[in-house]
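Structures for review follow.
After this come two complexes, each holding subunit A, first together with subunit B and then together with subunit C.
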Partner chain A sequence: MKKKTDFLPYALISPLIIFIVLLALTPAAFTTIAAFFKVQPLNPPTHFSGLENFRDILHNANVISSLGNTFIYIIIGVTLSTVLGIYFAVILQRRFVGRSILIAVLILPWALPGVVEGILWTGIWDANTGVLNSVLKSMHLITHYQVFLGQHKFLTILAIEVVQVWQITPLSTILILAVLQNIPDDLYEAATIDGSNGRKSFRYLTLPLIRPGIAIAVVQSIIATLNIFDQPYILNGAASTANSLAMETYAVSFQNLNFGQGYALSLLITLFTLFISVIVAKFIYKKVEY
Partner chain B sequence: MQNAIKISKSQKSIAIVVAVASAFGFASLAAPAKAASPVTISVVLAAPPLPPAMLAEFTKATGINVKWTQVDWDSLQTKIAAGSTANTYYADATDVDWSRVGQLGKLNWFLPMEKYLDTKALATDMPQLSSFTKNGHVVGIPYDASFMVTTVNKALFAKAGITKMPTTIDEYTADLKAVKAKNVVQYPLNIPFAAAEGLSTYWYETTGAFGGHILDAAGKPLFTDPASAGYKAAAWMVNAVKTGLVPPGNINVADSQGQQTLMAKGKVASTFSDYSGNVGSLYDVAASSSVVHQVQYLATPGASGPTSNLGNPDGIGIPVKAKNPAAAAKFISWFTDGKNMADFAGANGTARTWVGYFFPSRLSGIAILNKKGSIIGGDVLAGMLKTSAAVFPQGAPAWYPEFSGAVYTNLHAAAAGTMTVDAAIKAIGAVATKLSSGK
Partner chain C sequence: MKLHKKGFRRFGVGVILSWSLVPIYWVINTSFQTDAQISDTPAHLFPPTPGWANYKALLIGDGELPSMIRRATINIFIECISATIITVVLASLAAYAFARMEFKGRKFFLFVVVMTMAFPTYTTLIPMYRIMAMVHLVNTYLGIILCYVSGFLPLATWILFSYMQSLPLAIEEAGSVDGASRMQIFRLIVLPLTMPAIASTAVITFLFAWAQFIFPLVLASDQSTQPLTVIVAAIQGRHIVPYSLLSTAGVIALSVPAVIALLTNRFIVSGLINGSVK
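Coming up: the complex of A and B.
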């Protein structure tokens, strides 16, 4: 008997396919091609330029500076958001009064736009009128107001990244919590019978079993930190102390109107994101079966 | 069914054609001709909408509806660049900032306004129109007369025993030092050192006060010599933060932030490059200020006496891909009418007042406001406007945004202490030289 083709699944996923092709793959293909062209409205005409855009941006001091800054953002952001994500997920796995409310509150920073968060945290970090300075001074921990942003590179990046960690940790928590809740209680009971204490259970049972969740959380943190824009832009302007690759892409494209170099930089960021995501998936992700 | 209506094949075909045509928006194929629908134009500015009463008056008089969209300034510049590069429609009338005139003029992204309005007649009543002209074409029409002014908290100056206001930059500096020495305030001067456009414009104004210009007619830097006004201005600004005249925290304070949180709160005694109109719209507003009636405009102290103020007005123009350029031109003509501008600034009650707008770009508009006494410091400002000068007398260069980026990032770094003033000036000069050479 001839098997009848069922078109329903294809029909159901077709909107998503169309969406991805039109809004992700087509612009990506266009960017990839245009990265090899000189596209400068102020200096026409547009023409094929081979690897010139890539060579120029890799010799651009601002891009190099932003690359170093972005690397620091990634290290701080991914480490903090993952560690905190695991910590909060373990706490939230336990049942207690107000747990649902706490989860809802936890998600709030994730739902806020980066610009709003930047403005909110300006009120905390501000060196003239900030809340943090006020609190530290009232506790006699400082004698005069401190400058947290703009003066010292690492301190500035740390202060800005804390804002982003505040934003992205909820998603890491939820991703890890989802995996954590799938771990059968039997495993912990068996481990306890075998003499395992809480720390050992976490080290040898929980951590290995939540690796899929950690991998996804790490990848999303990498993507977020690699593309950080709103927080440094609002909190530190365009200063080289904390400018990011995404900010530099914006400046090259829309300030300098050098779209060819902007495309090239975007392409490099995309490739780097893909590369690092694959590495993370390869080393952290592990299929778990209970 | 007995009473069913019989439809022939040809009728069916016609029905299908009509249905398809309607579905694709060709409703006119299936419907009788109607009277032309009213024109709607899209106005996109980095400002809140005009008062509904005013817009309704415009629509009643012209039959043109206005769809107003507010977009923040930075995003709007991105929108203009992206839309124009993609050669697509994004607005019928939109922002033409003074600093983008060179770029927009060279790229021909906006229609020449002299084709739609009598710009020669406008020029006599609009001193800043020259800043919006590039290669003989008027790229946009200024709708406010924003220019940089010096503001002083006279109460704080008086506490330091200063009753005669300074007229030179040396006197001004000495007065600030006196305010600090007498501990009236810890940090008397507001300079927004955040790496943003406000720092660049502050430097331009200070350079003007030291008696010089930023670029020559060919776009080459005029500030690299230590004896030049631009160099002295940068050194003066950085020195002010190093000697404690400026709050250390200002390293990350943007222009409007400093005005709102420092100047309006009496934490500093002066802002050398402030916004024209801030006295009436910020410092004298009790809800946002603790220095009501204490701040006054000061003719900008120069090298040997008061100097002219530099203009940074906002303008409006018509993108080349506008769907209704003629209607947009009618709107711009009405929008920049002297009487209407006076109304926007509060000459005829709150229903006709445009939030955030305080100073017309037309002298006739200011005259109306002055007559009604509805602009604080209006006579002083009107005098300053008459003598206000363009930041770049030859017009803002096409590469201004990139140049300004170099200005504010390097001056910020010098103030933060990560580079010397000399190194910052050299870096800015190198960018100007490279860009003006077309590299």
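Coming up: the complex of A and C.
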């Protein structure tokens, strides 16, 4: 007698699968196909245009400059959030009084909307009302108020990216801490008996053992920084000094209403994200055995 | 040696506290100052004349700003709560099937779930807008909620799946010997045991939904459906609104996620670890 097909599991997963198919896979397929079409609602008809969209966006000076900017965002963001993440995780490695409260406080910036963080840091960076200018002037480090946002390109990107680092560092810390807490204490004891000190233990014991945590943290921050939108949108507005790729995609699609080019740009960003994530994960991620 | 270590930690604790709290403190501080006070040099570490003037100006009365903010607050709650409930219900059903049942295509479907988790926002943003426009769901609660659910469902399923998989099987087997159906076992045994992970998933989903900006910016075309984040950005975009009011709007928008994060940080941490390490 043949066993009847069990329908229950399919019934249970069907809502999930319907959502994924209709609102994730279909849009993704849509993006992939439409990238090769001319799609301009104000200038129909839609027709196949081969690689034209890709050619156009690669000749678009704004896109090219946003590509360079995004690269700087990624470098600053990944470096800062990873270094801070490792440092914070090491601080939190052992139990101490108040540790759980400290973790709660650490999580806070992660939980806040990027838009609100933009508002918050306006109060710090702003040229007229920002507290940083006030502090620097009180300390006689500057003679008159400085403009941090919108004038000097690198400074603008740095100031904006610090805001995003503020948001993503908690996640990096948690991911690294999760791995760090699995390192058995006797490894440190053995190292101390062998004459190792704190710095040496960190360099030769902690750092190699937390590589998997760092790898995941780095991939997460690459994806976050590659998609940066909310913070520059608020802190720098439409000014193109520090435009990110994501802002450029939004501008091309919803301001210029050139959806075809928007699709092409989205497709490139997607492929780029997947590519970098795989490479980085392969490069840093190594199974660790104690 | 011991002293040196203690100093290292104390310094670190100070760094973490000031890194996380100073920007938040500062926006709260300015929200209780007048514009003239905000522009003073040196800046006021505490509000010189603390009062609720800015909050009243933004929340009370029939002016344009207060009605915008009140509407947007209602909208963000409707959108976030609905999206969270739908996501958690659908994700726990699917996670149960993946964690506890054998069926054809199980591995394949799981792979699809993980793959969609890796999609960057931009893969789906424009077509999401066009699909919603096609079915006339642009500028509706339903459109925004469906968009959120589709975005958060894979991660939610994954968190619940990894948790359910780690539960011991023995209790369920006892249940099935007693003649309970699989859905009864799910309701009476698996679901109560999964509560911590369900709490994690609900909190994380709610916070993600609260933080959304670009999707509602595109999908909600006017104030009837725009959530608080979009309205705060819109207020900021008008340069006539002074920073005193802007910072107050910021405090209003951050108060809910901040309180949730402080109260539920344990669930957030375990959820984040479950969701990404495996």
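Brief remarks on what is shown
We adopt the following convention: the second predicted complex is superposed on the first by the 267 of 290 C-alpha atoms of A that agree within 3 Å, B and C clash if a C-alpha of one lies under 4 Å from a C-alpha of the other, contacts with A are read in each partner's own complex, and residues count from 1 in each chain.
Heads up, the rule we're going with is that a contact is a pair of C-beta atoms (placed from the backbone, for glycine too) under 8 Å apart; a residue touches a chain by one contact, two chains touch by 3 or more.
Computed from a prediction, not measured in an experiment: that's the story for all the values here.
Clashing of subunit B with subunit C is the outcome of superposition onto subunit A.
Counted by residues of subunit A touched, the larger count belongs to C, out of subunit B and subunit C. Using the contact criterion defined above for the overlaid structures, shared-chain residue A:43 touches subunit B, although it does not reach subunit C. Looking at the shared chain after the overlay, A:89 reaches neither subunit B nor subunit C.
By the touch criterion defined above, A:222 reaches neither subunit B nor subunit C. Contact with subunit B, but none with subunit C, is seen for A:127 once the two complexes are overlaid on the shared chain.
Contacts of A:149 after superposition: subunit B is touched, whereas subunit C is not reached. Legend: residue contacts after superposition of the two complexes on their common chain; A:6 is shown touching subunit C, with no touch to subunit B.
When the two complexes are overlaid on their common chain A, residue A:246 makes contact with subunit C while staying clear of subunit B.
When the two structures are aligned on the shared chain, A:255 is found in touch with subunit B, with no touch to subunit C.
Of the two partner chains placed by the overlay, neither subunit B nor subunit C lies in contact with A:214. After superposition on chain A, the stretch of subunit C whose C-alpha atoms clash with subunit B is 236-244, while the remaining options among 2-10, 92-100, 236-244 or 254-262 stay clear. With the contact threshold set out at the top, residues 122, 126, 128-129, 237, 250, 253-254, 259 of subunit A are in contact with subunit B in one structure and with subunit C in the other.
Subunit C makes touch with subunit A in their complex at residues 4-5, 8-9, 12-13, 15-17, 19-21, 23-24, 26-27, 30, 38-39, 41-43, 90-91, 93-94, 96-98, 101, 103, 106, 109, 112-113, 116, 118-128, 130-131, 146-147, 149-150, 153-154, 157, 182-183, 207, 210-214, 218, 229-230, 232-233, 236-237, 243, 246-247, 249-250, 253-254, 257-258, 260-262, 265-266, 268-269, 272-273, 276-277. Touching subunit C in their complex are the following residues of subunit A: 6, 8-10, 12-13, 15-17, 19-20, 22-28, 30-31, 34, 84, 87-88, 90-92, 96, 98, 100, 102-124, 126, 128-129, 131, 134-135, 137-138, 166, 169-171, 174-175, 178-179, 198, 213, 216, 220, 223, 226-227, 229-230, 233-234, 237, 246, 249-250, 253-254, 259, 262-263, 265-267, 269-270, 273-274, 277.
Those residues of subunit B lying in contact with subunit A across their complex are 77-78, 81-82, 84-85, 103, 106-107, 193-196, 247-254, 257, 261-262, 267, 398-399, 401-402, 405, 408-409, 412-413, 416-418, 438. On the subunit A side of its complex with subunit B, the touching residues are 41-43, 62, 122, 126-129, 145, 147, 149-151, 235-241, 250-251, 253-257, 259.
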